[in-house]
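In the part that follows, the structures are each spelled out as structure tokens.
In the two complexes below, subunit A is the common chain; its partner is subunit B in one and subunit C in the other.
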Partner chain A sequence: MSLNKKLVDMNYLLKEAPREKHFITGAQAMAEAVKRASVDMAIAYPITPQSEVMHLVGDIYAQGHIKEYYRAEEELGTMSAIAGAARAGVRLFTATSGPGLLRGLEAIVSWPGHRVPCVLGVLTRVINAPLSIQPDNIEMAYLMHSGIVMLHAENQQDTFDMTLAAFAITEKVDVYIPVSVSTEGFFVTHAKGYVEMMDEELAFNEPDPYKAPVPAMDNEVPPARIQRDAPVQKSNFMSYLIHSVWQQEIWDSNQRAMKYIYEYLGGPIEVQNPGADVMIVASGCAAAQAREAHRYAQEEGLSVGFVKVRAIRPWPKAEIREALATTKTVIVPEHNIIGWLCKEVKAAIPNSGIVTEGPRVYGGMTLPVELIMTEIYDALGMKSEVLQA
Partner chain B sequence: MSLNYMVPASKFKRYLPKDYVELVNYGPFGKTFAECGTKNMGKYKELVEEHPMCSGCWMAYYIKIIFASLPNPEHTVTIGTAGCGRLAISQAAVPFIYGNYGDQNAMASGITRAFRLRFPDQQKDVITIAGDGGMMDIGFSMTMHAWFRGEKFTTIMLDNEVYGNTGGQESGMSVKGAVLKMSPKGKNFNKMPAMQLAITAGCVYVVKMSPTNINKAAKAIRRAIFAARELGPTFIHAYTSCNIEYSIPTPDVFKDAQEMAKGRFAFEEFMTDEAKELFTVVEAKKKKEVN
Partner chain C sequence: MADDKKRYNIRISGLGGQGVVTSAHILGNAMDNAGKFASLVPFFGSEKRMAPVEAYVRASSQPIYEVGEVVYPDIIMIYHSQVVTHGKSYTMPFYTGLKKDSLIIINSDIDVLDEEDKAVLNRLNAKVIQFEATELAKKVAGTELATNMAMMGMVLGMTKLVTEENIEKAVRERFLGNSFVASGGTASLDSAIEKKFKKKEELLSKNMEVINKTFEMAASIDLSNAPLVTKIEI
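== the complex of A and B ==
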């Protein structure tokens, strides 16, 4: 780095370094995290609402916090270039939204198998028709089966902390697969919130490309990669075998990220009022609304608890199961039509019948707290004011 | 850069595959082109030996020439995509990245820039080698934009004018009228002008050829690599027939390539003034070394 940075480890950066409160947007929060992550290279391609993030990352490149940055031709070109650059052992960042994520998906879903460590910002947006630029997080469902580690930020502070932590998690030798940090477009990216940040002279230690399960392809690491041995043209049996063991390892790597989610982020879930009759389970922006519904319910003296899910992958099955062990009803508010979180929650517990489908908003609509309250009243056999009206 | 990363520690040597040890001892690593280049093929441990290509495959022959021409094989990375070519390219004793469909030039953009960040004082050559489908159809945007951006690596297109590996479908590089799978009534548009596209997009050195002359083919490959190091993107458009899909009898493969050298693959070489200047310097230096 050309700037006068003090390099520190991630635990110090996230947990010990003194912080100051700022009032900034989610896009700024993501870029501020990138600024403190000793990123070597960032590759940008515009799409609303992500663009703001990569504009700001471009600015911090121009200021010297990042060594290389360019605008690629489109998302497949962006994500492929990330895969190429990762082979040379540099620290990488890019971000996209909805349709852009889908355009880049062929490359993105091959990142884990290619052992590409990088951080991907996903600033959610509607996909499918009719076209809209509004926040809806259905695109995250497409990432859930890729092997990539997925964090979901509730607000600007989460966006900052999770993005920073992601850089440490992705490079762990026993993980070494990409980490995505999702948050809702506009609701978080373009809205301001309080974010406590450490001094920008502090930055995460630089990457060690040789501390890796698959060392950089830089022709520097012995033994040289000169073995003439391509798995794809072995017998079919060898081809099945190699693919299957490799993918098992990818998903195991994904699981192994869990301990670092505990270490840096305090765990994959946050639980309020455990053991309540009604539990609201939510991630991302929906968690902010669920948190508010939980507060209303406490004021009204209702037996309502709240589970915020920070990690979508690795999926915290055991933690969710424990948090919902004694509850009678589970409500899963979401910003998408298919209810991907609801499906995951149902699959995690033995009594999936207690899970309510929704409430869900989609197309980018806001999620009023009243919608969640209505479900709570229903679950508790009370008539809601909304229903009465 | 030394070859230290490649040479096994004495005690470890006996545990390494024989092929590896032979490559280090008798391969072209760290040697000059005069010692281990195209002129001496068969006399040293070559980077490509066995390959699973069809009998009489002209593409396999050209791939052997590519690898025998590398000025710096110990610091070269090749990138390819789906297609016949990668079957032989992945059998070369040079690190190879097999990416997704048609993404080779985007990957190469990333790795070339990253190499220059990490090794500013060292030359790492990046070469993409892909077929006409990978380069001009599915990868078209990434091929073109890497050139427009002036990315410093070499692109080699193995043009067999058909999707060989998937079973003989029409490609953008097939000629008009060709009856192929997915063009059952004959292709109804022209072969894409790859060379002109490359020049327009800013490649500093572009060659179109049917590589029947080994020395000429090697010279073009080496020039493309030298120019990419210093100046910008370079492109070689080589005819590498598919004798299976075009039903060329094996004994006639060379004759077909010779006919192409007189026809639509007649040798054309484009270079910028800077490239010309560079070759004068590089090639004079080489002559001096030989003498």
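== the complex of A and C ==
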């Protein structure tokens, strides 16, 4: 079955195809990317809180842009069904949010080891009590050690481009692990922004089974057992050995995704005003706030630069080190209480003492640019206007 | 307020049914029509009459990157006196986070600010404009549902962010276009107001009359040497 679209490669789709400007929400942007990705199957459970993404993907399935849509029983079922469908060699998409992500996490963390190529949308919502449905991104910390490739979108345009690129990256023979595209719920998913999109009659080339490192299972003649000798049935030492080489290969696969992040997205970081005394490092929605603070700082003639981190995994350690080599203070604004990006930045550079903890907001609160400006003034030894409570 | 100010961060506090979110959308579209930039965020709980509603508009001559609620506004618009007197705002007091040299517009000519409020606002060098926007809406358009038009006209008249033509186009898009639905509650209010005015064109012209009136009022206001509170007769 074909979707009757003009199939093109990802470089053409992302870089050359003519685009038109639209004013759409982040959820729409993700669904529009799925529309142009020749997706075979979308699987989801309509949990609350969610974004509109899987609802909109259901709409585009009804319009004939996707071959199959399966409503799973719940989130663990969704994520398990993704793994099962991947064995049939089809292109897959799902998206979830906050508590749903954690509910599906048991299956998700097994995807890389099972060599499941798929794209996972993560539209962040509070997961920790007290109950809230607001866009805190602490859930991304739970994905960081799973082996999955993680992209973090600043705005609606990023959400569109990264989701499309993710479909190409996940199926690369030297990667072949899942790719997640995260962005902040509400601030990006529910808010409209300008998105440049190519014609919807264009779509990414269909998956090529001959390029897949894991052969698809023939379900007409299903194998009696998928693994003839599971590691656990061997001696403990065989089990350890198999597990260790296997997981090393997963993390190598994760690293090998980096060259494709350069190819399709222009690299894992964006640097503005390199060499400045103060550098703001941020990812996702916090990067939009940091970009604004950077602009204000430029207008005031302050020595302030900005690093936007697009890829959380593979972690761009060398790039971050280089970008922060001569700076005196690093400010890491974040939408979570633990400061997972701050920890990563500290671990990437030899002089972690220059990294300021925060500013951070949690529970989905807005991250005011004024908070970042206050940190900048403090770092530069300037007296800042005291913001009243 | 200076015409060349690069950015206005506006917080609109009102009650459900007053058209807070709708006017935020129209403000945004008016900026777009003027070739400028705007972003807006609505914020409400359960949709019901008299419950607190806030909307946030960022308006600028430059692209806007930041998102989220406006925590540190330089303009606050209060659509109902209960926002002040009953604490029906998301932050209390209603001027929490207000920046220096800012503007507050209140739909009421009653003295709603107490001495403590006035002390804080004086310290921040704020200016408060009070006028009976709802009464004006009733007088000019014959319906209190045009309150938001009066408030919007006043803030745009004071800031001169856009022309009356830009606003008229945005109001026209709002009421004659079909691309905008703020919520189910808004849709039912729309049908109520449409019944009131047989023709949408009549609704449009009444709304514009309210806006034009507030533009005239704004043109007569000079805040440079004004006391904290300036009350405007409608």
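The rule is short, and it goes like this: the second predicted complex is superposed on the first by the 366 of 389 C-alpha atoms of A that agree within 3 Å, B and C clash if a C-alpha of one lies under 4 Å from a C-alpha of the other, contacts with A are read in each partner's own complex, and residues count from 1 in each chain.
Throughout what follows, contacts are C-beta pairs under 8 Å (C-beta built on N, C-alpha and C of every residue); 3 or more make two chains touch, one makes a residue touch a chain.
This one's a predicted model, so the numbers in the text were calculated from it and none came from an experiment.
Student: Look at A:V188 in the shared chain and tell me whether it touches subunit B only, subunit C only, both, or neither; answer first, second, both or neither.
Tutor: second
Student: After superposition on the shared chain, which partner residues are touched by A:E220: those of subunit B (first), subunit C (second), both, or neither?
Tutor: First partner only, subunit B.
Student: Among the partners subunit B and subunit C, which is in contact with a greater number of residues of subunit A?
Tutor: Of the two chains, more subunit A residues are contacted by B.
Student: If you stack the two complexes on chain A, which partner ends up touching A:D40: first (subunit B), second (subunit C), both, or neither?
Tutor: It touches subunit B, and subunit C stays clear.
Student: Quick one: classify A:E68 as touching subunit B (first), subunit C (second), both or neither.
Tutor: Only subunit B; A:E68 stays clear of subunit C.
Student: Return first, second, both or neither, reflecting whether A:L143 touches subunit B, subunit C, both chains, or no partner chain.
Tutor: neither
Student: Is there a shared patch on subunit A that both subunit B and subunit C touch, and which residues make it up?
Tutor: The overlap between the subunit B and subunit C interfaces on subunit A is empty, containing no residue.
Student: Which subunit A residues qualify as touching subunit C in the complex?
Tutor: Those in contact with subunit C are residues 155, 187-188, 191, 285, 288-289, 291-292, 295, 365-370, 385, 387-389.
Student: Would you tell me which residues of subunit C are touching subunit A in their complex?
Tutor: Interface residues on the subunit C side: 39, 41, 62, 64-72, 96-98, 100, 120, 124.
Student: Once bound in the complex, which stretches of subunit B touch subunit A?
Tutor: Against subunit A, subunit B makes touches at 1, 4-8, 16-17, 19-20, 23-24, 27, 48-50, 52, 74-77, 79, 86-87, 90-101, 103, 106-115, 117-119, 124, 141-142, 144-145, 149.
Student: Of all residues in subunit A, which touch subunit B in the complex?
Tutor: Subunit A reaches subunit B through residues 40-41, 43, 67-68, 70, 72-74, 76-78, 80-90, 106-107, 110, 209, 217-228, 230, 232-233.
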